[in-house]
Structure formats: structure tokens, C-alpha cells
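Paired with chain B in one complex and with chain C in the other, chain A is shared by the two complexes that follow.
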Partner chain A sequence: MKKFFRFSLVLIMALALFAPTASFAQETIRVGIILPISGGQASFGEIEKNSFDIAMEEINGSGGINGKKIEFLYEDDTGRPDVARSAAEKLINKDKVAMLGGGYGSSETMAIAGVAQQNRMPFLINTGSDDKITEKGWDFVFRLNPYASEYFKGLESFLTEVVKPQTCAILYENTNFGTSQSKAFATACERLGIKVVMTEGYEKGGVDFKPLLINVKKANPDLIYMISYLMDASLLMRQSMELQLNPKMFIGGGAGFTLPEFPDNAGKASEKVMSVTLWYQSLPYPGALDYFTKYKERFKKNTEYHGAEAYSAAYVIADVLKRAKSLSPDDIKEALLATDMKTCFGPVKFVKVGDKINQNVLPTYVMQWIDGKGELVWPKEGAGKPYVYPVNWQKEWK
Partner chain B sequence: MQELIQALVAGVLMGGIYALIGIGMTLIMGVMKIINLAHGELMMVAMYITYVLAQYFGLDPYFSLLIAMPSLFIIGVLIQKYLLNPLLKVDSILPENQVLMTVGVGMVLTEVMRFIFQADFKSVKTSYSSTAFYLGTISFNLPMVVAFGIAVALTICLFYFLLKTDVGKSIRATAQNKEAALLMGINAEKITVMTYGLGASLAAASGTLLLPIYYLFPSIGGPFTLKAFVITMLGGMGSTVGAIVGGVVLGVAESLGATYIKMGLKDSVAMFIFLLVLIFLPGGLKRLTKV
Partner chain C sequence: MGNTFNWRKIPWAKVLSVAFLVLFPLLVDSDYYRHLFIIALMWVVIGSSWNLLSGYTGQVSFGHAIFFGVGAYTAGLFTTKLSMSAWWGMLLGGPVSLLVGIVIGWICFRLRGPYFALATIAIGEIFRQVAENWISFTEGMQGILIIQTFRSKIPYYYLALGLAIACVGTIALVLRSKWGFYFIAIREDQDAAEALGISSYRYKSLSLMISSFFTGLAGAFYMNYMAFIDPQVVFSLHYISIMAILVGIIGGVGTIWGPAVGAFIMVLLQETFRSSFYGLVPRWVSEAHVLVFGLLVIFVIRYMANGMVGDWPKIQQLWSRPKAVSSPSVSGN
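On to the complex of A and B.
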């Protein structure tokens, strides 16, 4: 009996392994999308996957790719580069996808990009923003989003015209994204005449950031710039509130600071905090507001720049596959190079910028959490609401 | 000066919770002579119990202590009785294999929780999560202080239990000399089961106390198992007083390290102390205090 049970178990497992590959018919064009669907970065993965899903339905609803349907195969990188790497290998070798998309965390994106280049597989990045990714000369890797050192371009004029800080402290999570952006921000500060009094990295996932924040309090900078993922961003702000830090402004470097979950987790500590952002629904891009309302209706939740990146990446992928002469990697690559389209995330065109190749260039913006809502506040022309400055933190945190 | 005091306060408060984790492991170490490498994972299970109670039944995390601790006691008893003790009966298996079994138990617990709750981060939001009060300019995080208070109270109860009750005395007797305890008519198997349950419920308490401050995901256990291990070594294996001191020392060392050296090197400070203890004080603090 026991033997029979064991035998049938092995049989079932073997069947489970082979079944899915056997049942697919080649009526669809498959594109592999690698996102952090579980793990610490899951909130970002969720918003992006939802957006990919909306786009996929719309594309297929309006005729698909030259009559064929497009299908996004999702793989979970769990927020770890090694998993991302094997996910990419699986999609390329086992699922035989036409091209790759996705890529959230910079470290994971770097791993995927490496695999893609080795296998000569076109890869369109929509979020991973470490500068180095497009500096390696990898001609099969394209990036839709601005790179990390561009994130705060829109912030610079806000700093020089409004806040005019003398000193600044930079706190960053010490993987690719944080390190890359913090270095660039420190250089920018020097250029703008802001003295960087403290730059410190931390391991993401800490319980107690107070030791770090005590040092910030001692340095008493005018500006605190933080580059963090979601949970760290919330804890940093909550503990800043506890320690009664009093800078002129708290500014986040995108990522954790723009997600709708940020005010949920940080509570009133999130109020009036600013962040750089790459997109806002009120921007004059075709379909931007449309996408925002669709997302909100369907998922009963707000979306922000990560979602918009994913949504427009899906459209770029569809556009590229439509234009490509064949589905061979080289033809897809050629089609990617020739991309020139307007998406809800902004115009997309892959160009060479400095050392970077296949890089899209877009302006960036500043947003602020006002009464629990993320509002675009800078530049003034596109702003939905006037910025709140100066802020009396003691009053906000009562 | 101010930041030194603030760092000390943060360290001592964190140390209280560490001590609670450490005591559980050290108890198990003392009686069974094995390192319970599933300790952090047991703590994680308790955190999920607390999370579910808070999320779906609206129970306050501190109240869930009354549910999480007994539940983990039962889980601990079952693990010891049906998974660890049977290994002792097979002569061909070395007793060290119990340690390997705890590693397995830890992995299974993590994966089961990952299966049920996904790998997402969960947090319990309470009205007092980021409340703080101030003495002068030094801030005290309210849930941290409450956690510290409860940790101290639980430790006092534990000492009372170990020193004054029959079962407690039997646990100490078994820890000191198992053969002699057996000769005196103590049912050693029952005592090991009790001890593991007790250790698990102490881990449960620390997890529950940590939840309002921190957040939760399935693989949270590993780092805390490591911390408990360092504390157990620091305190001298099997010494409860040592574990308390060890916990506080670890908390303060981490906090000072993060303040004066570098936040990113916080965990290295703990490991550095661990190495120093192994090299210069192999018996841990127990060698100094003899308790």
C-alpha cells in the first residue's frame, strides 16, 4: 500500500512537470515578464502585473499582434538576483518566449539583462534603473524608464528655487538602485552648492533605524533625501517622527515613497513628505488619465508611476512585435531600435545618452503627500496642487 | 551625549526582546543539550497567529499573547514529542541529529507559511505603533517600552516557575545532570517535552511583542535564530541569567555599532562579538557569574 502510494505520488509529480508544456498551442506570441510577485518588493510587482494584465486584454481585444494573440508569461523573481537569473533562463530556454520584459529591482534587472544579452534575447526594462545597466554596451537590452541618476532632475529646480537648502543628508538602501542614485545625488548636490553632511547606506529590512536617524538629527541637515523601498521608507518616516527630526524637507527618491501603500504603512508620518516621481496621471500624455481611471475602477486602488511604466511597456512590446519583420530576436531588436511612439508614460525612443545605449529619456517630477493623497507639485506648469512649503513637522505629526 | 543616551535606550529596549528570544533557546539548550535551530521560525509562526487575530478578529497584539503563547506551547510539545524524542530512541542515530531535525522543522514551517500567506510583507497597524513619549530630549517608543516591560514580567514569572515549582525544579535538575535526575525519579522525557513547549512559547511572546514595531514575512525567522544563537553562546549555554545579559549586550552593541560605526555594519557587530566570545570567553558569561 505504502509503495503504491509512493509510486502514484511520483507519477503525479512527473505528470505535473510535463503537462503544461504539452498543452500549449502556438497560436499566441509569448513574452516573458519577470517581476517581484512575492517577497519584499511584492507591492511593486503587483501594481506592475495588474497594469500588464490590463494592457494585454486591451491589445488582444483590439486585434492582437497582426491577428495573433499576445500572452505575457509572468515569472516571480522574489526580489532576489539569483532567482531572477534562473527565471530569465527558464523563459528563454524552456518557454521559448519572443522577448523579455519587466525587471523591477535594479540588482534583479542587472541579472536578467546579463542573461538576455548572453542569449541574444531582446529585453525591454520598465523599472530597474541602476545607471550601469545600459552602460555595459549590451545591445539587446533596452530601457523605457529614466535611469537612477535622472530621477531627481525635476527636483533640482525645486531645490534651487524653493527650498534653497544649505546642507543635505542622504540615506540609501545599499543595493544597486540606492547606491547608484545616492552617488548621483551627492554629485548633483555639489553642483548645486549644497553641502552633503552625511551619506549612509543601510541594509534593507532593518527593525530599528534610530541609530542612523540619531546621527541625522545631530547633523541637523536642511534636507533629508532617502532612497528606500516600501517598508524601509515607512519605518524611516515613522522613526523620524518619533525622534522629532526637523529638516526643511523630507524627500524620497521615488520607489517606496510614491506607492499608495506608503501612507497606509507610515500613517501620519507620511504627511507632506515629498518624493521625486517619474509620472503623474495629470500629465499631458495620451491615455495617461485614461489608464489611471481604468486601473482604479478595476482594482479599487490608486496607481502611480510603476504601473504606468508597466502599462506603456506592454504597448511598446506590442508595437515592436507588430513592426518586427519576423519573430527572430534580431528582427525584434531592429524593431525596438526603430521605436518612436507616444505612450501614456511619455514619448518612447531608444537613443544613446553619454555612455548609455538603448535608453529612453524623459523628464521627471516632484510629488508630495497632501492629506493622504499623492499630488504632483513640481514643475509648476503641470502641478495638480500647489506645493506645501515650509512645513511645520511638529504640527503635522500631532 | 544625547545620542549616546538615545542609542543606549534603543539598545536596551531592543535587548529586552532579544533576551526573551534567547532565554527560550537557552532553556532548550540547557535541558536537551541541542541548539534549537527552528527557534526563529517558531517565533515567525506566532507572529502569523497574532497577525491573523489582529487582521480578521481585530484583537490587539498584546491580547493575542494569551493565544499565541499557548498555541506555540502546544506546537512545541508536539514537535518534541513526535519529531525530536523518537530520534533519541534509535541508537544508530547520533543525538546531534536532533539539531538537524530542528533545521528541517524550521524549513517546513517557513515554506508552509509562505504557501498560506505568500511571501508578502504584512504589518499590524495599531494606534500606538509610532507613539513615543519623551524624557527631556530622549524619545521612548511606546510599544518598545511595553514590550520591554512584558519581557521583564515574563522573565520574572519564568524564574519563579523554575525556582519555586516542582516542574521547574525538575527542569533545572534535568539540565544539571540528566542521569541523576532520572535516578531521582524525574520523568526526563516529559521534562524535555515541557521545556521545548516553554521555549517555543517564549519565542512566541517575543514575536508577538515585536509585531507592532516591525513587520512580518515568512523568512523572518532565520536572522532571529541567529541572534538567539549568539545570545545563547554569549550567555553561556544553558544559563538563563546569562541569556538576559547576553540579549541586552547584543541589543546595546548593535545600537552603538549602528550609531558610531555604520548602520550597514550593524549585523557584523553582533557577529564580531560572537567571535570575540568564542575566542576569549568560550564558556560565555556563565563562566563569570556561575549561574
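On to the complex of A and C.
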């Protein structure tokens, strides 16, 4: 009898776990946001989550979605595609969200997009940039940010007009984002007549890049293009300084090279390093500078393009939910398709480009770390400061 | 279990657990919990396979990701390279993994104790590096993406359950056969076993073959179910190889049901932490999940060296009578 009692106690506890969660007040519309909040890419997740939070408060402060409040439910993908998949399953099936947003790493975004499409759940990607994600013909998946092979479009004219390199070395972290961008950049180099003397992937989260960088030094390229997340970006530059590499220019492919933590970690090795970027606060987009100052005031830290992507995605989501005839996935999808709005990240419209569908198209830019500050330097028209070139690295690194 | 039927001898807890698992997807109408249980059942397979090799045969493997990854890639590459259904790949995932197991056994069973464990770590890393860098064959870090066959979770659930029952059942049968006694003899004292005429190389290999076969099937199932793999997921030392060990240790090394219990505990605990106890606690708590797993393992090793199942009598005594006599240890090592 006692045994039976104990057994039923366990059973009751187990069933309690599966009890439907208390339904929230009818006045909120819930949107699931999947970001890397812990793990190796947490700094990106943090800047994006903070930006989503600012936007959520503003949207709710100014009337919400047709009188209802919007609520972002954050899920942590820990930087792993399988966890991202579980998170998407949870948001769709347990939390019954109206749509999905977020998506940082390309592999995680791909996994989420697969679940979203299969469940016919609209998903607005704000960062995951592997070209293939919007090439699958998945009609419920939309992407706000440019795709990986567009990241350096703004850089191309800078290379042909200013640096005019003959040779180039490409170092990339061996991830989905790294491989797809490095491939595209190598093709672009060929087109621009730049000889790629070295293309080398490395294991992310490396502790010593010297063997790799010594080979770069031997190859002595005019241009070193690196695609890395934060810690690797900092270490690559610090060790390049130690080994006294001397290319005409170091250029990062976005990601780690634009974060405000990059100069903190790399110190003077970050000085005058360039990176492609997707956004800058001085760009003539409505609310860009406003968002930048708000972020800085509240979190005592600078923000950059990842934050702007998230902040704008929040506004696109709000706009879509306002316009949707109902909160059914199909109506939300229709509303997404009809999107035509100006955000602080640039104009947003989902179109077909080549093989890609539901893809937003935006220009990209070049930034440079000048005196510890990230400055937009190219194209000249939007530049906040003139670019510094040529650079005497030995002098910068003294 | 005797040959004469005696209803008192029926292990009710086990029968009821299995019945609960069979009825679960019908009782719980939530794809999210079905998903968690599918993952847990997959871990039952991996954990039990690990346990056969490491818990019963004494050959501690830190490289079960090898078999898991090989199984997953077999299924994935079948689909992408040959445009065949990944289900054919699933059938092949086990055998291909078994072949890899034979080769690894051929090399590694010349080593003993810690050297075998170290070799499995090294081979696991080799497989991951190869999968990451042999881009023309494996797609490298871009991974393999397929589209799931079923939208519903139920077919996957019963497939996972079938796999888990087949795996645990096979292992239980093997352990009752002559092979099982040879495995344990090798674990207890390899030299003594050799002296009795047991070919330790042959039986260690047999144990590894069964283990790699089922782990490979689990990997191929993972490919079919998750529909996305990349080398850092399926060949992961941390998330597959170590997790397999944790599942075994928490549940009970050298017990048939241990890894099954361990798998459910680990998967549900992990998800509870990831979702910050379903939003009940602040986010920073969930970031401490690695620490909590560490403490849990220390606790289990210190106070329940035989795991939840192996030390179940101990736990029961704690529960009913505080002044318990220490229970006899179930298995040595």
C-alpha cells in the first residue's frame, strides 16, 4: 500500500509537470525570440536581447499592437543547433507564440527555420546569414539582414579604389557563417583580380593562432581578411601584433570585429583595423542615432549592427502584427510579405533575389577602429570620419 | 525470473513504466513534451550501449560520439549524395557504425584501462576533424539538412521507443547469455578471464560491436528526426561522449535499467535548466547548469556510486526510515 502511495505520488508529480501552463491574460500577443543567451556567442545574444527589450517597452508604451501588449518570450539556443530546435519546438507547441524572431548563428537559424517551415510558423530572422537559409523555398521564413555573401559588397569599391591589393589571405572560423562568407569572398577576390594566396579555416575558440599567422606572414599578402567571432577576432589581432605582420590592411568580415568589446579585448592591436559592417548610427535612417543613444544611456555600453538588427526586427514584428488580418500564421505571413517600412536599420521589404525568397536587401559598409572608436569610413558619402590609409602598423602597435 | 508464472514476481514498476511510455504520446497532447521524450528515449539507447561496453565489460569509452556521428552521417549522406530516403540510411547507420567499431576495437583493444579511454577520446576528435574538413564529402561545417518525413511527432516517438526497447532488451538478453558472463569476467579481472580461456580481445570486440551498432542506429535516428547535423553536434566530445558517460553514471553503471533512468533525468534536467525552470527563476540560474551537473555527478559518485538504479535500496531506505543500515553494494569495479 505504502509502495502504491509512493508510486502515485511520483505519478502525480510527473503529471503536474505536463499540466498546461496558466494561460496569460488575453491582452498580450506573444512572440518567441531565440538567441544565444549563454555559451560562446552570449555577447551577441546580450546586445540583441537588450535591443529587443528596449523596442518592446517602446511599442507597448505607445499603444502596443492595436491595444494589445506585445511580449517577447526569449529562449536560449546556447549556440547549438539541436538546442535551437528544441527551443523552437517549445515556443511553437507549448507557448503557442504568434510568430518567431531572433536567430543568431547560421546553423542555429537554419535549424529553427526548418522547424518553423514545417509547422507553418512565420519566422523573421534578424542575424543568421548563411545564404542557403532563404534559398530553400521556405515561404514562412523571412530575413531582415543581408546574407553572408553580401556582407562585403560595400567593401569591394573600397578595395578597388583605395587599397588596390594584389594578394589576399582569408582566415575564417570553421563554422557555417565562416565557410559561406569565405567562399563568397574568395569568389569576389577573383572577380576583382585579387590573388587569394591563402584560405585557411580554424577551429573557433582557438587559444593560439600563431602557427596559422606565421604562415600568413610567410605568404605576405596585401590584405588579410578575417571572419571571426569576438574572442577569436581579438586574439587574431593581438597575435598579429606580436608577430609584426605587415599587410596593407586588416579587414574583418563583421561579427566579432564590430562589437564594442573588440577594442576592449584586443587593446591597441585593434587600432585602425577595418571591418565590413551592416549599420552605423550616423546613417540617414529614421531613429538610428536615437536608438544608439538610448542603448548607451540604458546599458552604459555602445551598440552596433547586431543590436540595430534586433531593434528593427522588433519594430517589423510589431508592424506586421498590427497589419495582419488575424493572428493566424497565414495572415501573419501575408502581412510579412506586404511589409514596406523604414526602420533604423534601413528600409525593409521582403523580395525575391536570385534563388532567395523573402529576403531584405540593404547596402553594406566599411568601418574602422580609430582611437578606440568604431567609425563609419566607407562609402565616402555616409562616412562619419575619413578613413585612415595607409597605416603604419609598427607605429600603431608601439 | 522463474519459469513458473507468479504474478507477484512481475516487476510492476518496470511494466508500468513501459506502459506509461507506450501511452505517453496519447496521454500528453503536446509536441513539446513528446519532443523531450523522443530525445530522452534516444539517450536511453546511447546510454545503454555505452553501459554495455563500459559498465559491463569495463572498457570505459570517452568516444561514443564516434558511433553516433558515423550513424548520423551515414543516414545524412545517403540522402544528400544518393538522393535516397534517409530511412534507408537509418537501416545502414547501425551496420556502418558496427564496422567502424570493429576497426576501432582492432586497434584499441591492444590497450588497457586509461589507455583505451584516451585512445577513444583521440579517435573521436579525429572523426570530428575529418568531418569538419573533408568538405567535398561531408559539407563540412555547413552541415547536412534534410526535411523530416513526418510532421507529427508520434511516428518518431514510437520509433524511438521501439529502438530503446530493442536496445535494452538485447542487452538484457546478452547479459543473461554466456557472453554476458564473459564480459563481466573481463571487467572484473582480465588476466583471470584470459587464464580461464576467455579470449578477452574477441569478447571486448563483441561488446563494442553491439554497443556501436545501437549507438549508430541512435545517430541515424537523430539525423532523421532532427533533420540537421553538423560535425560539432554529432561528433561532440562534450555533448555526446561525455553525456553518454553522465547518463550511465547518474542512472547506474553496470545495471540494465540505470542508463534508461539516467537518460530521462539528464534530458529533463537539462531542459529545465535551459528554460530557467520554465521561467520560474532568473536567467542566471540557467547559466549555472554546467556547474549543477558537475555537483550532481560529484554527489552521485560520492554517495551513490552505483547510480540511481544501483543504489535504489539506499534511496528507499533514506525515504522511509532515516536510521537506515547501509545497503550492500550491487556491483564492484
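Everything that follows uses one rule, which is that the second predicted complex is superposed on the first by the 377 of 398 C-alpha atoms of A that agree within 3 Å, B and C clash if a C-alpha of one lies under 4 Å from a C-alpha of the other, contacts with A are read in each partner's own complex, and residues count from 1 in each chain.
Basically, contacts are C-beta pairs under 8 Å (C-beta built on N, C-alpha and C of every residue); 3 or more make two chains touch, one makes a residue touch a chain.
Computed from a predicted model, the values in this text were never measured in an experiment.
Undergrad: Label the relationship between chain B and chain C on chain A in the superposed model as either fit or clash.
TA: Here chain B and chain C cannot both sit on chain A without a clash.
Undergrad: With the two structures laid over each other on chain A, which partner does A:N176 touch: chain B (first), chain C (second), both, or neither?
TA: Second partner only, chain C.
Undergrad: A:D290 in the overlay: touching chain B, chain C, both, or neither? Say first, second, both or neither.
TA: In the superposition, A:D290 contacts neither chain B nor chain C.
Undergrad: Report for A:T78: first if it touches chain B alone, second if chain C alone, otherwise both or neither.
TA: The answer is both, since A:T78 touches chain B and chain C.
Undergrad: After lining up the shared chain so the two structures overlap, which partner does A:S38 touch, if you call chain B first and chain C second: first, second, both or neither?
TA: The answer is both, since A:S38 touches chain B and chain C.
Undergrad: For A:E89 in the superposed arrangement: first (chain B), second (chain C), both or neither?
TA: After superposition on chain A, A:E89 lies in contact with chain C alone.
Undergrad: Mind working out whether A:A269 is in touch with chain B, chain C, both or neither, as first, second, both or neither?
TA: first
Undergrad: Looking at A:G201, would you say it contacts chain B, chain C, both, or neither? Reply first, second, both or neither.
TA: both
Undergrad: Using the touch definition from the top, say if A:P211 reaches chain B (first), chain C (second), both or neither.
TA: A:P211 sits against chain B, while chain C stays out of touch.
Undergrad: Examine A:S107 and indicate which partner it touches, taking first as chain B and second as chain C; both and neither are also allowed.
TA: second
Undergrad: Residues on chain A in contact with chain B in one complex and with chain C in the other?
TA: On chain A, the residues that contact chain B in one structure and chain C in the other are 38, 78, 174, 201, 203.
Undergrad: Can you tell me which positions in chain C touch chain A when the two form their complex?
TA: Residues 13, 16, 28, 30-33, 35-36, 39, 132-133, 135, 140-143, 145, 147-148, 151, 226-228, 230, 233, 239, 271, 274-275, 278, 283, 286-287, 319-320.
Undergrad: Which stretch or stretches of chain A touch chain C in the complex?
TA: Those in contact with chain C are residues 2, 6-7, 18, 21, 37-38, 75-76, 78, 80-83, 85-87, 89-90, 92-94, 107, 110-111, 114, 118-119, 130, 132, 174-176, 178-180, 201, 203.
Undergrad: Going by the contact rule at the top, pick out the chain A residues touching chain B in the complex.
TA: Residues of chain A touching chain B: 38-40, 42-43, 78, 174, 200-203, 206-212, 214-215, 217-218, 230-231, 238-239, 241-244, 264-265, 267, 269.
Undergrad: Across the complex, what residues on chain B touch chain A?
TA: Residues of chain B touching chain A: 2-3, 6-7, 10, 14, 114, 118-121, 123, 125, 129-130, 132, 134, 139, 141, 210, 213-215, 217, 255-259, 262-264, 266-267.
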